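Residue numbering begins at 1 within each chain, and the chains themselves are lettered A, B, C, D and E in the order written.
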């Protein structure tokens, strides 16, 4: 009674004459501005240039959505699926399902532990954290702080990446705490990377330590800005170094005005370029050699990988970000910042 | 006083079975008068499906139809439990994260501690029962408004999940049986067999009831109408099973994918059980009574506190079931399980289906219909490929659209004065 | 008829916050008799009923049932003793139909399943005995019933059970001529079957038609409890409106000082103290 | 008294879903007269009142006010015409106090601020005129009032305004002896002041005591509208319970075929059709 | 009938002014009877503060006291608007993200388009009014349940924020005036001046009212009690202003930090205005009436639809004000502004304060008291330094604790039958 080749199997039917189509699932739009603001843009450009069909969607931080979108993409007949997982469990479920249906898979930015992706393209998240840790110690040294109290404003407790960032900066700072060069201050996570809550949390850190915080390790620019707003209120901005990540316009402006010490710039354009090249190739059924591999500790296999390096941005090299086209001068050098831009050599 | 003789004859006279024609006419009058039962939710669903099918033909594929069930299962299950709480006019904001806690317990027991799946399932459901008892106790005995109690639960359970997950990592669920719940299908033959059982059972209940009432001389629906209902159910279920038994793998050589997803019979059984409890037991009757008029229920000798506690227990247990299904579908549990929009979607599902937030009005079927609306919207939006911002906006607008079908159809009832 | 009353109240006090509604109330209901409880609007009749049926806790006083002291803390306790009440504010569940309301809390079951046909039949019989003619269907929600129909449902609900004491708080207020007659007949029949019946009514004709005893409340105080044959129509009206009539009622009606001597408190409830 | 009635209804039909409650009802209320509307429980009296006051839309029929056709679609329209209604189900806001309820929708203001002292004074005066003696404070929430007290508040609310037509749906059902007398006196006084008054009551003594005309509804049909002086007590009771009395009422009471010839539909509402 | 003469005397008699003693006695009886007004919320607040002060002495510092206001301001403002919606028995799930949309509009107008601050504030509030009108229209005129309408709004506004934020980037708010709202203080002198105005105003209103009522022979509180109330207000406000005027900078040489935060008078003025609207205007009276018994209100000739739309407008406008304060406090707007727990905290604040979700019961002051409870919990928990999981759990438990103080005190009222 089951007509196997009738009904809704028109896209699902023959496997030989598949038209290349790429599905991309981004994780959310709120933990960081990059996904909707940068990745989507760059990936779309690349796919359009290569003239392949594509479908880019965002799971809004909801892993049920994430799986639903994956189901829909497979239903819609993608031949390559590129995901930024929300957690390894759902990531693995999606990758396995895709693989069983003969869809090529790529892990983008986050490695799915125990997963089955053919390729992995990423920045090293722990390296990001390391840069933040190193950046903070550099700024503290510049300020000549003696045994400074360092407060942590971590990312969302439910976000695995936040844990990776923390591992990174802990690896730099923990030895200094242990050697009593630095003093460990309050250490709290900000639910949902929520900037408003971050401000309250930081204000309470300041109250609790009676104002004795000499450096703030904020996990991204948004949290950094929240800390800066509280510091400003207490007229401490510029005196207490704050870190960040993502090289947002706001973060860069804070660096130019001296309120923020550094941010981490991830050349998303390059990452997107590498990923889209790979995706276009595998969607057409080709294979590519990346030259590098990464070991998946849980699955115990080597995944072919393209790894990019993040870059620390201080006031001196803000201009590099502009030169890269990641932010434009118009966005950055508005109003009062025109002069600061000029001082920082941005033209 | 002169009329006493006349009245006495009423109940003694044997009620004539009304004709099919008058039955249909009466039904039509009731619908026009605004007494529509499940019609508006179904109408909303049909409108949604038509729109999506027109915009994306792949929406109508067998594969997508099967996906719909597994995608909507967790929210629907949680919504089914919430119906009980809503029937009392209470709310459970913590149901989402309660399902997360139960899922976390499940994952810990099965993966970290390595017990077999049934121990884990039991542990998860017991956790749900305990949670429900505590919430219910605080509401019924201490007298804190349920909004506040469950808001506290919403916060606390979020923390408990985090602690059970060791601050942010996730735990895989690899047990085959557990994974099967949301990811495997019944064999086609088993699907047909279940269908046969379901239809036969329905027919038996309906016919027995008809005979029973007719024998006592009580008013009944015409036999033809009863038979038509049974036939309609058989046809609808038959089509569903047929479509789900179609091959939906993209690559039949690699893997064959067909059959009714395992969650479907789970939801169906729970729907039948809870509907039975609400409609055919005195416990269910008391729930409606307490929701409709607490003071009247108390005066009728109903133990209101016990009813109140029990619905929270049911709600949290169903949340546990939802959590298990969610864990199965995700093959893992992470600190966000049961978070995000799960709660609002679940309450929304119940309300869209027709359950009132003020208590006394609602059915478990509402949760399933509303859950279907939510799942269809999510599913359909997933096929559209909008950017994040646009997608949120369109989802909101579509939800409003589905709800306004319902609102417009009920406006007639307001106009005729029968609300 | 019988020597010991079925229900006896002694020294019942009840306040709502700063307002004292019942003061040192004594009351008795005898099996096989209809006791009419009369009093002006706001005298405290309904409050007294609700104290008996466990809806309100009392502040002081004791309750004897069948001669034994009992404590009634909830309507469940009252029902367990065999007390059935028709409340003035009816207390029906608008979202349930007539049959469901009539059997609420005491559903007939076969196994764990509700036995709807039996309940429907019993409901139809009871209602027919109460002159209800315009109800279209027993499966109608009570929210769609007329005032009189609702009241009939509430009465039917209370007389369905094998109880010892039936209290009816203004049961005929919304009823038509025929239905009122039917209810009064029912009240008499219940008493004749050996039940104790308490009837609250503002209609003196009805009171004198069916009652064996009359108890009069005045501003929260029990001013008289006498045999119906021992008192006249106008005396009752005087008791209701002024608290005394001849040698019946409050000792000094002018000062309105209660027999328990709480004169100051009584002054609070002076007639005309509307502000 | 006057030739054109203040309010005239013609051919009013009203159904709730499949149930037809009013059939081709004609009704008139004259200024300066008390028109009593009588009928059995569930006859459709309250429904008719709610159609007049714009709470329910009618299915068919026309309404003339002061001789001119009007359409009343909401209680606001009715109030604008000068129609005041005391509903059987009272409709008070339990969360508001007595004064607030009495002035609801027509608060007295000075500037944009509510003028509480004036309202409180006016409320106290009106209530005193209705024999209310046990209300402790005008600032009490109506939820804490006794049944009779609530009803008095609803009546007081309706008579506070300068209206042309006052409709009272069983206003004395819960009232005591003194209060009932007071309300009947008030009804008469209103009519004597030139208002049209419609009084619904099941108490025939009250009806005959104050009314000038009697209109009788039987199963949703208007079976008679006559001068009170032209009819006897027992005739009215017959009209109410059987729909006819002598040459008054339905043409052929046995077949119960209404004058509008919808015999089949009428059969649905046969006495005893309780199931 | 024999009593007519007696009754007439009632209202004519001049009411004697009751003695202070009897007034106090009556108040005490009312409290014991369970009619406690704001007492339980205040008691809960005191318990919380004591606990936190014992565990972390820095909780009691002047600086922390000042922080409390700015931290709780946004939620409190949103809660104040929500009270209106809750008074009708409706709910607005979208209030949080509505504040986000308004904040986004503010940031775009002031930062991206470069208009002056007052234009931006106006634009934000107009946005709030428009949002409220749309929501109210859908609820009142189309008849979709408010839960569904505002759930759709909750989704759609999230999308709109994202779109206004160019898919997720933060926009800074650097305008000095806007930043000042949540970050600067009044000069000490100005603080005292405002205090004087407030107390004088209160005294004038109370005394006038007393004289007015006494002149008409209506029941009044004793003059001594009125004076005591005025004095109490003066003392409490005086202490608050005194503490806020203390120096709280950690380094006075660098910068001086003292004075009443600017948000405080903003909240105070809105509290007075909305309390006035609810208690002293017929519009406010009608809101209570519709919430208490919609049908009765309709029969009294109140335009229910208009009331319904208007409360949504008020709610969304207050959300706009909350959004402006949030933007000011964060010096920036991000896609999460108004998201996360803002909505639940705001509704929770209103409910903890004593507002009922079923309508008809509540005051704007409830929102402020409840908002204070929520702010104190958040503030205190921030001083504890728990890990994320533990923090959630403890927050939930503390919330429950604060609410159960209220529940226990109200249980007496249930026991005496006066609920």
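Everything that follows uses one rule, which is that a residue touches a chain if its C-beta (ideal position, glycine included) is under 8 Å from a C-beta of that chain, and two chains touch if they have at least 3 such contacts.
Everything numeric here is computed off the predicted structure, so don't read it as measured data.
S.K.: More C-beta contacts across A-E or across D-E?
M.R.: Contact tally favours A-E.
S.K.: Let me spell it out: compute each chain's centre from its C-alpha atoms, then which one is farthest from chain D's centre?
M.R.: The chain farthest from chain D, judged by C-alpha centres, is A.
S.K.: What is the distance in Å between the mean C-alpha positions of chain A and chain B?
M.R.: Taking the average C-alpha coordinate of chain A and of chain B, the gap between them is 38 Å.
S.K.: Just the number, please: Cα centre separation of chain D and chain E in whole Å.
M.R.: Spacing between the chain centres: roughly 44 Å.
S.K.: Between chain A and chain D, what is the gap in Å from one C-alpha centre to the other?
M.R.: 73
S.K.: Touching two or more other chains, which residues of chain D qualify?
M.R.: 16, 55, 120, 124, 128, 132-133, 137, 144, 177-178, 241, 271-275
S.K.: Can you list the residues of chain A that touch 2 or more other chains?
M.R.: Counting only residues that touch two or more other chains, chain A contributes 29, 35-36, 40, 157.
S.K.: Multi-chain contacts in chain B: which residues touch at least two other chains?
M.R.: Residues 1-3, 6-8, 10-11, 162, 167-168, 218-219, 341, 387-389, 391-392, 418 of chain B touch two or more partner chains.
S.K.: In the complex, go through chain A and note every residue touching chain B.
M.R.: 1-13, 15, 26, 29, 35-36, 40, 55-58, 60-65, 67-69, 71-77, 86-90, 92-93, 96, 100-102, 114, 157-160, 162-163
S.K.: Can you name the residues of chain A that touch chain E in the complex?
M.R.: Contacts found on chain A: 29-30, 32-37, 40, 157, 186-189, 191-197, 199-201, 203-205, 207-208, 210-212, 221-222, 225-226, 228-229, 232-235, 248-250, 253, 334-336.
S.K.: Using the touch definition up top, name the residues of chain E that touch chain B in the complex.
M.R.: Contact set of chain E toward chain B: 89, 91, 93, 138, 142-145, 147-149, 151-163, 167-168, 341, 344, 347-348, 351-352, 357-358, 387-397, 399-400, 403-404, 406-408, 410-411, 414.
S.K.: Which residues of chain E touch chain D in their complex?
M.R.: 1-4, 6-8, 10-11, 212-213, 216, 218-219, 280-282, 285-286, 288-289, 291-293, 295-303, 360-361, 418
S.K.: Under the stated contact criterion, what part of chain D meets chain C in this complex?
M.R.: The contact residues of chain D facing chain C are 16, 19, 39-43, 45-47, 88-89, 120, 124, 127-128, 132-138, 144-149, 152, 170, 173-180, 202, 204, 219, 237, 240-241, 268-269, 271-275.
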